[in-house]
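See the structures that follow.
Shared between the two complexes below is chain A, which pairs with chain B and chain C, respectively.
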Partner chain A sequence: MAESTAQANQFAPLETTEAVQTISRPSLSYWQDAWIRLKANGRAIFSLYLVIGLVGFTLAGPVIWNVDPAAQDVDQISLPPGAARVVTLVPESSSWAGGSATGSGLHFAEPPTTQHVRLAWDAVPAAAEYRVYRTTYSIGPERALGLPLFETTETYFEDLLDLRPRNYFYSVVPIDTTGQEMDTFETIEGTLERVITESEARDRGLLLPGETAPMGTTYTLKWHPLGTDYLGRDMLARLMHGARVSLFIGFLAPILYVLFGVVYGSTAGFIGGATDQVLMRFADFVVALPFLLFMILFKVVFAVGPGESGIMPMLLAMVLLLWPATARLVRGQILQIREEGYISASRLLGAGTGYLVLRHMIPNTMGVILVTITFAVPSAIFTEAFLSFIGMGVAPPTPSWGSMCNEGIKTMLTTPHELIFPALFISITVLAFNLLGDGLRDALDARMRNRE
Partner chain B sequence: MGRYAGKRIVQGIITVWFIATATFFAMHAVPGDPLSGEKAMTEQIQSNLKAKYGLDQPLMTQYAIYLANIARGDFGISFTQENRSVNDIIKEHFPVSATLGILAIFFAGLGGVLWGALTALYRNRLPDTIIMFLVILGISVPSFVIAALGQLSIVNLNDLTGISWLPIGGWGTVWHMIVPSLVLGLSTMAYLTRLMRSSMLEIVSADFVRTARSKGLPPTQIFTRHQLRNAILPVITVLGPSIAAITTGGFVVEIIFAIPGLGRYFVQAVQQLDYTVIMGTTVFYGGFLVIMVILVDLIYGLIDPRVRLE
Partner chain C sequence: MAEAQPTEDAFARSAGRQLLLLGLAAVAFLIVLMLALQALASMVGSSNTSAQALDPATNTITIALREEPPQLNTTITTDAVSGIVLGHTMEGLLRMSMDDRLEPAIAHSWEVKPTHATFWLRDNARWSDGSPITAADFVFAWKTALDPANASQYAFLLFHIRNGEAINKGELPTSELGVRTPDPHTLIVELERPIAFFDKMVTFPTYLPVQEKFYLQTDGRFGADAEELLYSGPFNITSWVHGASLMLEKNPNYWDHERIRLDRINFGYITSDATATLNFFKDDKIAYTTLEAENLDNALENRWQIKREQDGTVFYIEFNHRDTRVTRNWNLRRAMQLSLDMDELVYKVTKKPGYIPGRSLFPGWLMGVNDYLRKEYPAPEQVIDFEAAQQHLELAKQELGVTEIPEIVLLTGDNPVSNIQSEWVQATLKKRLGLDIKIDKQIFKQRLAKMTTGEFDMVLAGWGPDYDDPLTFGDLFASWNLNNRGQYDSPEMDSYIRQAQNSVVPEERMAAFGAIQQLIYDDIVILPQYERGVTYVVHPELAGVKRRVIGSEVDFTNAYIVGGGD
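Presenting the complex of A and B:
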C-alpha cells in the first residue's frame, strides 16, 4: 500500500522551460472592431468622405459663397455655367422709323443686340402684309417658324421682346390680300450681342454715380459658378440653401422616428404578452397606411400658412408615419436578446428592468439601429424631393433640391443645367448614404454580413 | 390554408377600417371647411350646401354615415365637380393607373429576376460589375429625374431618326405605355435585382445544387429547376410592398407623361381641396394595397409551404 501513498514532492510544479503561448492581440470592443472593418471597405470610406463633404457644403458653403439665394439677377436669366458675361455699353434706345431700302432682301438694319433687333426687307409685289416670326431653332422643311411676333404693312420691324444673348432665327412671311400666307419666305440668322444702357449700368452698380464712360466700354457681369435659374437666381447659393432643407429633413426625420420606434419597440418587446400584442397590431395598421398619400394628406391637414416653409409639417408627418418599421425591428431584437444567457445572468445578480434595457438591450441593438438610420436618410431625402417635386413639399421661395428639380424640369430642353445640378446633388447624396449603409451593415451586423 | 386565408382577410378588413378612420379624422382636422372657399355666399346658400353634403350633422353621425357608405362602396360626390361621383372618377382614372402599374411590375419583376440571376452567375466578373453599377444608379437617381430622362430620350430618338417612333406623352395606345411603365418600374427593378442576386448567391453554393450537379444534370436544367425556383421566393415576398411603391410612384410618371391616371387626379384634388375625392381616393388606394399584400402573402403560402406552418 505504500506505493499508493502520495508524496508531497510528487505535486511540485514543473520547472517552466519555455515561454507559455500568450494571446498578444489586444481585446477590441464591438465598436473598435466595427470601425476596423468599415475602414477596410473602400467604398464605404469614400461615401463617408462624401457625406462629410456634403455637410461641409451645407454648413460652410453659404459663409464662403455669401450670395442671397432669393436675389434675382435680371441680366442673367437661365444662364448655364460658363456663359459669356461681357456686356457692352450702348446709348439709350430711341424710336426707329425704318431703314433705307437697300434691295438686299431680309437683313439686319443694325447689328442685332439684346436692346433691339431691327429688321428690314424688300417689298413683295403681291403682299398686303408681312408676318414676322422668331425662333431659337433652325428652320427645317416642316416650316416651324416659331413665335409670330407681329403683322405689318411696312417693310421693317423692330423686335424688343425679351431678347437674350443667343442665336435667333427671324422669318418674314408675306401675306396676300386674302389673308393667306405665301409659300415663299425669307429667314435670317443672327447672334445677339449683350448690351447695357447707361441708366441700366448705374442701376446694376457697374457705373458709379457721377462717373461716365464712353460708349462701347465693356463690363463683366456678376459671376454665377453654376449659372442661374429661370428667375435669375444664383444656382450655387440656391443649392447650398436647398441642401439645408434636404439634409435637415434627411437627418432629423430618421433620427426622430427611429428614436420613437426604439422606445415603442423595446417597450412592446420587453413587457410582452397582451400589451405587446396590442402595441404591435397598432403598428401593423400604421404600416398599412399608404405612405405618400398620407404624407400629402398630412400636408393638407397641417396647412402651411403664408411665409412658412412647410418643413415642420413634413417632418411631423414623416415621424408619424414611418416609426413602425423600426419598432418592429427593435422588438424582434429585444425578444431575441431577452433569451440570451447574459440577460439571465444579469437578472440573477439582481439587475432591474431599467438597467437591463439600458445596459444590455439598447447597446446590443445599436448596430441595427445605426444601420436603419443610415438607410432611412436617403429615403427621407427622396420623399422630401418627391413631395417638393409635385408641389406638396416646401413652399416657395424656400429652395430645396426637389423644388429646384421641379422648376428645372420645365426648361429641361433649353437650359438643362437647371435640372441637372439639383438632380446630381440628390443622386450623389442618396448614393453616398446607400453605400455607407451597406458598409455599416457589413461592419456592424454580423448576421447580414457577406450576403451580397 | 383556409384558416390562414380567413385570418388574413379579417385583418385586412380591420386595416381598411383603420385607414378609413384615419383619413376621415385627418380630413376633419383640416382648418376651415370645404365650403368656406373663395366665393362669398349667403347664409342660406351655405346652410343648404352643408345640408346637401351632410356637413350639418354632428361629427360622429357624419363618421357613421361615411363608414356605412364606404361599406356599400359609395365614396360620395366631388366637391369641385358638380354632381360627379367619386366612384365615377375612380372608375374612369384607376384602370389607366392600374394598366401602367401592372406593366411596370411586369418589367420590374422580369428584369429584376433575370439581371439578379445573371449577376449571381457571373459573380465579381464584368457583367456583374456593370449590372450592379447600373443598379446602384437606379436606386440613387430620383424617379422624376428618370422620368424626365426617359422623355428626353424619346424626344432625341424621334429627332435623330426624323420619325416619331414613340409619343412623348398622353395615353391611348400600347406605344404610349412602353416608356412610362419602364421608367416607373426601374427603381423597383434595381431593388429586386439586388435582392435576387443575394438570394441567388446563397442558392448557387447550396447542397442540393451540388447534388444536382453530381447527378450529371445539364446546367440549364439546374439553373431553371433548382436555382431559379428557389431563389425567386424572397423576391415574391417583396412584390406586395413593391406594388404599393409603384402605384404611388405613378404620381410623378403620370404628371410628367401627362397620363390621365388616378395619381395625377389625386394631386389635382389635393391642390383644389376636393375633400371627398381626397378621402375616397385614399381609402380606395389603401384598400387596394391591403388586398394586394394579402394576395401576395396567399400566393407565397401556396408556393412555400413553410409559411403556412407558422
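Presenting the complex of A and C:
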C-alpha cells in the first residue's frame, strides 16, 4: 500500500473571487430605516409638513406680514375677513346743535354716514320728550322699534353708537307729559356710507403729512386677511405673534423636562437597587403635586407682578412637575436593556459604564424619548392655551392663541371669526404633533424594523 | 401576504362592528342616564322647570336673579341682589314712587328740621306675623347696624344721626344714639349736623326696621333663611332653596296690600350667564332680562320691545395723587386728558347701548335746584388735542426730571368690559404719547385692596350712588374720605365739600357741586369715562315694571299681568 500523504503541491490558494455573500440591499442605519418608514406614512409626513409650515408661519410670518399686532384701529373693529374696505373722505365732525331744516317730518339732516347720523323731525305739540329708536330689521306690525338710543326734549338727535355701513331704521316716538309713549311715530330708513375724516386718514397713513385731498376722495383701508379683533387689531399678525408664545412653551418646556426626565430615569434605572427606589418614590411624590396650584404659587413666589407675562412661571412649573412620566418610561426601558444578552456580552468584553451608556443604552431608548417629546409638545401647547384662556398666561397686549380664544368666545355669536381662527390654529397644531408623534412611534420601533 | 389579506379584512370588519356596537351602547347609556337624572332632578327640585314667565291663573311672574343673596340681614347687607329681594319684601319709613319721588310708607308724614327729623308712623303698619311696626323697631335696627360688633359696612350711612359715628367707633354705647320715641308711633331723630336730604336717606336698606324680639330669637341667623326674617313690605319669602330659587308671596299683613296686584314673584333661576337668561326669556320662562351688547342683535331680530335706562353708576379713571407716583404730575395727567377720547371709547370700542360718554363725576340723572344738576351746571366739554398733549408731556418730563416717563401701572377689574377698556387706554396712550402702560388685572376684592394701599398709578374705577343726592358723588374726593383711593388732597375741594355738606340751602349746595365738577376737570382728579346704561326687555303682557337708580334696581311691586286676574 502506498502511503498516501498530503503533498504540498496538492494545495493551491483559492482564487480571489467576489464576495460569496452579496448584500442585496444597501446597508441602512437605524435612522435611515426609521426615515424610510416614516416617509411611507402619509399622515405623519403631512403632519411633518404642517409642523414645518407652522414654524415658518411663526418665524418668517411676521417678517413677511409686517403688521404691529398691538395696533388698534377703532374704525375697523371686529371685521370679518373679506369685509369691504372702501371709504370716502369727509370733513371733520363738528358739534351739531340741530338746524339745517332741509326737510319736513323725520329726515336726515345730513346724508347718513358711519361718522354720524343726524336726524331732525318736526315738533309734536303734545310731546314733552322724544325717544329715538334704531333697528336693523324692518318694523313690522308688532311695533318693534328696536334699540332705544336716547330721550331728548329737542327735535334733533345725533347717533354715534357703533355705526356700521348697513341699513338702519330710525324711529322717533313722542312721549307725553306723563312719560307715556304716544301711539304715533315716524320711521326713516337709511343706508350708511363708510367714511373717514382727514385726521383719521392721516392717522392711518392714507394721507401723508402735508398732503391734502379733496372731499369725496375714496381710499381703501388696510387689508386684514383674517379680519380684526374686538379692538380693530389685525388677526393674522396676532396669530403669528401668538404662535411665538405657544411654540416657545410648546418646544422649550418638553425639551427641558424630557431631558431632565431622561437623565433622572436612566440614573435610577442604571444604578438600580436602593437608589432606584428612592429616586422613583420621589418621582411619585412629584406626580402627586397639583400643576395649577404650583403654577399660581410660582407666580406669587417669583413676584410676577401685575401686567407681567406669566410665561416664565408656567415654563418653570411645567419643567419641575411634568418630568416624572418621562423618567419612569426611560427607567423602565433602561432596566430592560440592562438585562439584555448583548449588554452582558459587552461587559464580558470589557466595556466600561460610559461606553455601555453611550453605545447601547441611549441609542436604544432614543425612540421612546423622541416619541415622548412629540407627544409632550402638543400637550404643552394645549396647557399654555388653557392657562392663557383662564387669564394666567401672557399679559396684554401680547397675544397668545389661548388668550385670543378667551376674548373671542365672548362674541362667539356675533363675530365668530375671532374665536374660530385661534381655535383652529390650536387644533391643527395639536393634531399635527399628535399624528407626527404617532408616525414616529411606528417608525422608531425597532421591533418593526425587519417587517418587510 | 396575499392570503393574509382577506383574514385581516375580516378582522377589521368584525372590529369595526364591535366598535360600532360599543358606540351605540355608549350613546344609549348616555341618553338613559340623562333622562334618569332629569327625572331625578325634577323630583328633588322645585317645580321651576315647568315655570312660565307669566302665569295669569295663579297671578305669578317668574324672574331670574343674577346671584343668590348672601343673606338678607338688613343691618349689614351691601349687595345689589339683596337690594332687589329686600326691595320687594321690606318697606322702611319712606319709599320712592313710580316717578322717583319720595312718598310715605310706614311713616304717613314726616318733617326734616336742621337739628332733627320727625316721622309719624301708621297705626296699621304690621309685620308679616301681624304684630305692629313701632318706632322702637327702627331704633333697634339702627343701633344694631351701628354696633361695632356687627361691623356693618354701610354703618356710615347712619352717621347723620347724632352720636352715630362715635358709637360705630366704639367710643359711646349704643344707648347714646340720638333717637327718641315719645310714643310707639312717633320717631324723632336728632341730626349730627344739618342735612338737606335726610328724608331720602331713610329709603336705604340700612334704615329698614328690625323687630328686636324676633332678631334675638333668630340667635344670630337673622336673614339667613326665609323663616329667619320678618317682613314689613309687600311680599313674604315663602321658600328659599339655597342656590336655586326664591319664592315671594303677597304679604296679607302689609298695610298697603291693596296696591299690590301680583300674588307671587318666583325668582326661579339664579344665574349670571347672560346667554342663559336670554334663552330663558326667549323660551318664555322668565318675564324680564337685561341685555348684553352681544345679545342685542338677537333681541332686535326677535322684535322685542327693548327698554333703556341709566343705572346710575359713573365710571372713571382715577389717578394716584400720592407723592411717590408720577401721576401726581399735573402736566402728565393733562396730556392724558387731551389724548383719551371718551366718545371713541363709548361709541366705537365698548359699543354698549345706553352708555353715555363721561364728562363729569356727576351723572346726568342727579337733580339740582329745579332741573337736572347737569343742566344747571353743564359739565366742561371734552377737548382732544394731540399736539397740546405732546407739549404737556414734555413739560411733565422736565418737571419730573426724566427723559422717559417710567412704566405706568393701570389697575383694572377682571371682566370683559374692563379688559377692552384697559387695552384701549394702553394702546391709545402708547400711540399718542408713547407711554408704556402695564395692565394689572385683579378680581374685585383684590382690586379694592390694591386701591386702598395705593398700589397703582391709574385705576379703572366706578361709583354707584348710595342715596339720592349729588353728595353721594360729591364727597368722594374729600381728603378725609376713605374711598378717595388716590388720596387727592386739596383744601379747595375740601371747602366745597364742607359747604355742600353743611348747607341746607339748595342753591348754595348745587353751586358747590358745580364748583366741584369744574375743579375735577381743571385739576384732573379723575378722567370720567362713561355713565353706565342698561338695556332690558320685559314680557309684553307685564306692565308696571320699574328700573331704579337707587334701591331695588328692578321693582315689580307695582307690576301686573295685562288682562290677567287681579
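Here, the second predicted complex is superposed on the first by the 329 of 452 C-alpha atoms of A that agree within 3 Å, B and C clash if a C-alpha of one lies under 4 Å from a C-alpha of the other, contacts with A are read in each partner's own complex, and residues count from 1 in each chain.
Going forward, contacts are C-beta pairs under 8 Å (C-beta built on N, C-alpha and C of every residue); 3 or more make two chains touch, one makes a residue touch a chain.
What you see is a predicted model, and the numbers here were worked out from it, not measured in a lab.
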Which of chain B and chain C A:Ala423 touches, first, second, both or neither: first
First, second, both or neither for A:Asp162, with chain B first and chain C second: second
Partner chain(s) touched by A:Leu413 [first = chain B, second = chain C, both, neither]: both
Which of chain B and chain C A:Pro148 touches, first, second, both or neither: second
First, second, both or neither for A:Pro396, with chain B first and chain C second: second
Overlap of the chain B and chain C footprints on chain A, listed as residue numbers: 391, 413
Chain A-touching residues of chain B, taken from the complex the two chains share: 11, 14-15, 18-19, 22-23, 26-27, 29-32, 136-137, 139-145, 148, 152, 155, 194, 197-198, 201-202, 244, 248, 251-252, 255-256, 266-267, 270-271, 273, 278, 281-282, 285-286, 289-290, 293
Chain A - residues contacting chain C, complex: 70-72, 74-75, 77, 135-137, 140, 142-149, 160-163, 179, 230-231, 305-308, 391, 395-397, 407, 410-411, 413-414
Touching residues (chain side chain C, partner chain A) in the complex: 99, 275, 294-298, 300-301, 303-308, 343-344, 346-349, 351, 353-354, 409-411, 414, 416, 419-420, 422-424, 426-428, 430-431, 438-442, 535
In the complex, chain A residues that touch chain B: 284-285, 288-294, 296-301, 303, 378, 382, 385-386, 389-392, 402, 405-406, 409, 412-413, 419, 423, 426-428, 430-431, 434-435, 451-452
